[in-house]
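Below are two complexes that have chain A in common, paired first with chain B and then with chain C.
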Partner chain A sequence: MKTAICISGVLLFISFLLILQDDFNQQWKQVQQRFATIDENRFYSADGDAYAAEPGVKQIVVSGLDRVDRCTTCHLGVQESKYAHAVAPFTTHPGDMLRIHDPKEFGCTACHLGQGYAVSFETAAHEKLEFWNETMLPRELLQATCGTCHLSEEVPAAPQLTRGRLLIRDKGCSGCHDLNNFFEDTPRGPDLEGIGNKTTPAWLYQWLKNPRAYLKDSRMPAFRLSDHEIVSLMEFLMSLNTKDSPPRLIKEQPSEEGNEDDGGTLVSESRCISCHAIHGRGGKLAPELERVGDKVREEWLANFLRNVHYYQPEKVMLEYNFTDRNALDIAAYVLGEFSEEAYELPDSVEALLPRSESQRKDRIEQGRKLMAKYGCDGCHTISGKRLSPRVGPKLTNIGSRLESTLDFGKMTDVVPTLYNWMYMKVKQPAVFDSTSIMPDFHLTDREALEITLALLGNRELEYSEEYLVRESERSLYRKPAGAFGELFERYSCISCHSIDKYGGDISTAPLTIEGSKVQYEWLKDYLLNPSAIRPLLAERMPRFRMTEREAALMADYIKKVYVSDDIPGFFEYELTSQSADAGRRLFMELGCRSCHIVEKTGGYVGPQLDDVGDRLEAGWLFSWLRSPLTYNAETIHPDYGFSEEQAKQLTAYLMTKRGAQ
Partner chain B sequence: MKPFLETWVRRLTAGRVWKSFFRHGPVNTDLNRSLVITSNVALHLHPVKVRRDSVRFWYTIGLGGLSFLLFLVLVITGILLAFYYVPSTTLAYRSIKDIDNVVSYGRILRNMHRWAAHGMVITVVLHMCRVFFTYAFANPREFNWVIGVFLLLSTIGLSFTGYLLPWDQLAYWAITVGTSMASYAPVVGEKIRYVLLGGNVVGQGALIRFYVLHCFVLPAAMIGLLAVHFWRVRKDGGISGPQLVGTPERETVTAFPSKSYGLMAIVPGQDITAERYPEHYVLTWTHLIPKEVLATIIAIAALNLVSVFFNAPLEELADPRVTPNPAKAPWYFLGLQELVHYSALVGGVLLPALTVIGLLCIPYLDTRREATGVWLSRRRLVPNVIFGLFVVSMTVLIIVGTFFRGANWAFVTPW
Partner chain C sequence: MTRRAAGVVVLAWAFLAGCTEDSQPKRDIVMDVAAAMGEGFDTPASRGGELYSRYCSVCHGATGKGDGFNAFNLNPKPRNFSDTAFVRQLDTTLIREAISRGGRAVGLSGLMPPWRYTLTKRDIDDLVIYVAKLSATE
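Our next item is the complex of A and B:
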């Protein structure tokens, strides 16, 4: 018995020794000892900061972000530049992010994730750690956490995040998923009422089968539909044919009346290519027209061109003042020119078509259900209405999803982190579950990464309000009032031009201070008959065929309302001929002609300036020359740092450039 | 050297402080020998002599003692953990993270507390089985069995209330499931759950209630019950054993003039059973205490080793919005949860109620008074088989519920 007690006593002693050494040999203690070998002044920082003065566990408590971060227990040099070339983990934090986000205020894990409580490499979740959800972000996804606090859509310092958010909006994710407000909830595709008049079953079949076969950049994702489902949807869509009485219904039969040659002239004159691409060239705002002749019915197209805003209540496309005749000509031209071969239903699908009226009714009913099931109405409303609530799960808190609840299906060789799951899911929606109804968006690796990154930041955490950045860079657009407002909408100005950063980016001329920039007469003429200002641009202002009265009204409004108080008015006597001569010399010395055409010679990069004196206001020219970046942050125009005198001389010179001369 | 040492020893032992600790003088007179016994705490928890049968390791397997040892470990580690733990839904999880990561020896302490708690549930149940299978609850020990049943309930109550305290997903959902089983009882079920949780869901109300029960109410009940339990063991003549055969006459004091335990002979009452059947009795100090010391050392060393190498679980912070699939009750309730899967009434109400009532009634129904103190006596085949079947089936159900049930409580294989 005594022996047994002695032996077990020794065992007990050893077990206590084990406990002692377990605490004594903690990783962070060893790391701090190693730090002492690279720097004799170990825990003393350059400014004698007491925080780093003693060895021991170091922590940053950030109550506003509900975090306690002990990362600096080992990462001892993050804030001190002298460790820029030290070995890990003592290296200085790269970049200047810590200057904007002081670790004392933000900690570490709010951005990097990982387990801030922990003081060893493994438990800090540098790599996937069981039961810890916030695995540290790899370098490629670091901008994800910016999105948790930066709630405005664009975050200039986080370009990947911004691109990801724009992609999420552009792909219409919010059609199916509840997302944060800044992913606007607008329908992405056209309203489907009247589609039965617009197109043919054969086109619908191949479109539903694979949108990219018709349009290689199609925004519509590919749903993995069976032929049965497609036939049902097709029948349902073809039954949506009630929208056939537009206000300016064309009475004539199209094919008899249309003149393709006149139509061709109208198409090029109207600058359709500014928004619609044809054979790969042209604008990206509107659908490509390469095979539109195989898609739309001629009479529908003619009626559409006469009644654009009737068919398109969101008014993206402008309302041209075409006559019946014009519309018929264009329709004839488009159907003749933009087509390859007519679509036909395969025989196997032909066999599925309903044979009787009751079968058709069943199909239509099934189609309606499928429409709701797949959430088609998330992007395509029917008479402005949705059939069902969003079909996808809510994603406002997806970044906090517990990793243990993720279903990786048969993919057992993936590290089970949330970002891996999300990346694979957006890239290939059926990867984990073949029955998933989420369609395939054909994302590139980079797009999938950026979307994953933007979604990862969607976390509903108990962060204090002072840490959240909400103000948006975009101001809200309000339709201008009165007669101008009506014209403004009719010609869909906002589709191409922006006002206060809201609106399209096709035009290089925002309207915000356009009234201070251009002269009244020029503007009026330009609205009536736009000419090319920048020879190199494919996107040009279309010819609206507006009346002189309309042009005068619009020019008048723009001159009075869209102005800036910062741009001075000029009196003619200030622009003397002496200063104009000095300006000319300066102009030639600086070699402005390498980009601008003056006196018939010069480059094509900038606008031609031979009639600039008719076009621009002297005050604008003066202000622009003084500080181009103020008026266009992305301009490539150099800022020469002109003195007031020099700018005045150049202005005087340029104002002499009049078309009449 | 030697005289010097002796002088100092004498000075030390003659001082007031020493004498306040040890009441007896040098062991050189009968009076002092008797004082050694009467002032020894171990020999007051135990009788001076115990039955030879009862100190055989394989008779008790030390399960009762082991349970008490684990309880002591739990009290000590629990007090230390309580220095750091904050019973608030916003701070509880964080304080556990602190204990695990930066409190000196905190991780080991928490591991010891966790593993000792699981161990105690197991040893208490096994102790009950031992008592049943040796028919140790027979008259006059019926009431101590009843106390034992309440001790079992207290143990499970302590474990269950402690389960919630880390406030992680495991804790939150185990308690959600565990308490929802209580609500299956007709009429009063929902009320019971409401009172237990201090609300309709597991929240701050539940956490503070469980904390108070875990740290104050149940330990106090446990200590009170333990005192009665131990005291009854002594009053019932030590732990049970087989019918004694031999010479039942009393020993006289003069028979062992040099043995101080003989002084016990002047005490009337059942305690002097020590004097009957002298050939069946052995000295506690030499036969029981060393075994207890050895068992204690081995148990603590084993607990230390387990606690160094195996960490107590701690999952993600509790999130009422995210239900794990499957959500499981603490392991000792998984047999019931398995039954709830088939019938909520059976698993949630009938079986637990019948188990407790049945256990309380056993000593008053099973009263044939034969084969006491004998393991698995053939003469007690029927009760042993019934009880054995009950224990085995509960064990099987717990194993199935623990290892063979996956998402949606579907059957899975753990390998």
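Our next item is the complex of A and C:
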């Protein structure tokens, strides 16, 4: 007995010595010894408590982010530029991120992830560490964690994250998933009430089967539906046919009344192509018109054109002042021009159609249930209402999901990280589970990667409020009121033009300070009869067929309200002819004609300037020339760094360019 | 006795099997995709490429051949960056200067505008890298 105790005592003592030795030889100590050899035993000595000039474990405590990071125990040179070319753990942090995110305030793991407490390569989770969920992010996905604090949609310093978030919005993910409250929750697709009058069962069948067969850039994802399910949905949708008495009901039979040639003229004059692509050319705001003639019923289209906002309460498309005659002509033209061949139901589907009224009722009921099951109302409302709550899981905290809870199904040959799981899921929703109801969005590799990256940053952590960046710039846009407001809504100005960073981007001219930019007479004429300012663009201002009074009212309002105090309304400089001559010399010398037409020669990149003196205000020209990026961050007009004198001379010259000459 | 031996063998096998990792290498899908994209994923050259198509391609052409849609209008014609011999003999400082201060500043055509007030220093660095690559990929 004694011997046994004696032996175990000796063994314990030996193991105690071994532990001591192990502790003495810890990895970080060896690393710091190596650092001493490259820099004369001088340790990191930047100001602050986190660092000391002597060896030892270094630690940064960031209570607001709930972090205790010891990474700088080994990464000793991160903040000093002289180690830019030092070997692996000692190098300077690349880029200039640390200048705006000082490690003393932000630590390391809030961005890079990993285990902050750890002081060895392995336990810091540089690579997948068992039972530790936050493996360090690879460089390719590093922008993900920007998104944990930066909660505004656009984060300029993180372009991948921003693109990912824009994709999430564009694909309408928040229709099914609770993401974050900053993703808007507006319906992505049209309201479905009245669809039974708009289209045919055969069109609906092929659309539900594969939207891309009809519209190659369709925003509607592909659901993996059986023919049985499609027939039920089809019957349900065809039963939504109550919207059949619009205010200005056209009773004529379109095919007998419409004149295709007149319709064609109206279509080109109305610049439908500004929003609807035709044969691959034109705007992206509205669906391509390639085969719309195989989709819509002619009488529906005529009535739609006559009463756009009745059919489209969200008022994206403008209300043209078409007469009955116009509407019939356009409908006849569209049906004739934009069709290939009529859709027909396959025989096998024909056989599934209900044979009696009670069968039809059953199908409609099943269809309604399927709408709810697949979350169709994530994108489509019916009479403005939704049938069901969101059908997808909440994703506000998906970036913190435990990797051990992920189900990879039969995909056992994949490194089981959260980012791999998410990527595969968004790329091919049924990859792990063939019964998944999530539809296929046909994402490219890059899109799937950027969405994955954006989702990885969705983590609900206990960060203190001072670290969270919620909105970069809240738009100041308010819907205009009064008589102008009515016209503004009638002509759906905001679908193409932006105001205070809100609205569409089809037009190159935001309206925020349009009143300081253009002259009243020009604006009024332009509203009545828009000319092409940039002839190369397919997207141009449509002809609204508005009255003289309406044009005057709109021009007047724009001139008074949409102005900038920074742009002189009354240009105080004297625009002398000497000044204009000097401006002309400068204009020619700088090669402005590379992009602008003046005196009938020049390029088509920018607007032609031969009548710019009738169009623009002198104060605007001067301000624009001095700083184009201030007035349009997206412009490709180079900033030449003009002096006040040069800008004045160019303005004087350009103001002499008048069309009447 | 044999039964006990068999038990030991089975236990030992189970123990060893538990210890060895399965040797089949696993796919790290996201890393593979990012690697395949390589240049396409937020590198200086990819950022340079985005800037190039935005600001330069109207004249210099999508692939740098000097055949942008606005080139017809210019005399002298824009440079052909896909001409390897030409680009190789250029100094990167010259390319940087031409982008930043315009053609005139380096004794070339004044039709090339200066971009130093429009683009940041980093933007211009990225563009220089991209322009050098245009000739290398041809």
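Things to note:
FYI, the second predicted complex is superposed on the first by the 629 of 661 C-alpha atoms of A that agree within 3 Å, B and C clash if a C-alpha of one lies under 4 Å from a C-alpha of the other, contacts with A are read in each partner's own complex, and residues count from 1 in each chain.
Criterion: contacts are C-beta pairs under 8 Å (C-beta built on N, C-alpha and C of every residue); 3 or more make two chains touch, one makes a residue touch a chain.
Treat the numbers as computed from the prediction; the structure is a model and nothing was measured.
In the superposed model, C is the one of chain B and chain C that contacts more residues of chain A. Contact with neither chain B nor chain C is seen for A:565 once the two complexes are overlaid on the shared chain. In the superposition on chain A, contact of A:465 is made with neither chain B nor chain C. When both complexes are overlaid on chain A, the residue A:18 reaches chain B alone and has no touch with chain C. By the touch criterion defined above, A:644 lies against neither chain B nor chain C after alignment on the C-alpha atoms of chain A. By the touch criterion defined above, A:357 reaches neither chain B nor chain C. On chain B, the positions that touch chain A within their shared complex are 94, 97-98, 100-102, 104-105, 108, 168-169, 290-291, 293-294, 297-298, 300-301, 304-305, 307-308, 313-316, 319, 322, 324-325. The residues of chain C lying in touch with chain A in their complex are 24, 26-31, 33-34, 36-37, 40-42, 54-55, 58-59, 69-70, 73-74, 109-118. Residues 138, 140-141, 143, 159-160, 413-417, 419-420, 423-424, 445-446, 448-449, 452, 589-591, 593-595, 602-605, 628-629, 636, 638-641 of chain A touch chain C in their complex. Those residues of chain A lying in contact with chain B across their complex are 1-2, 4-5, 8-9, 11-12, 14-16, 18-19, 22-23, 57, 68, 70, 115, 117-119, 123, 131-133, 402, 404-405.
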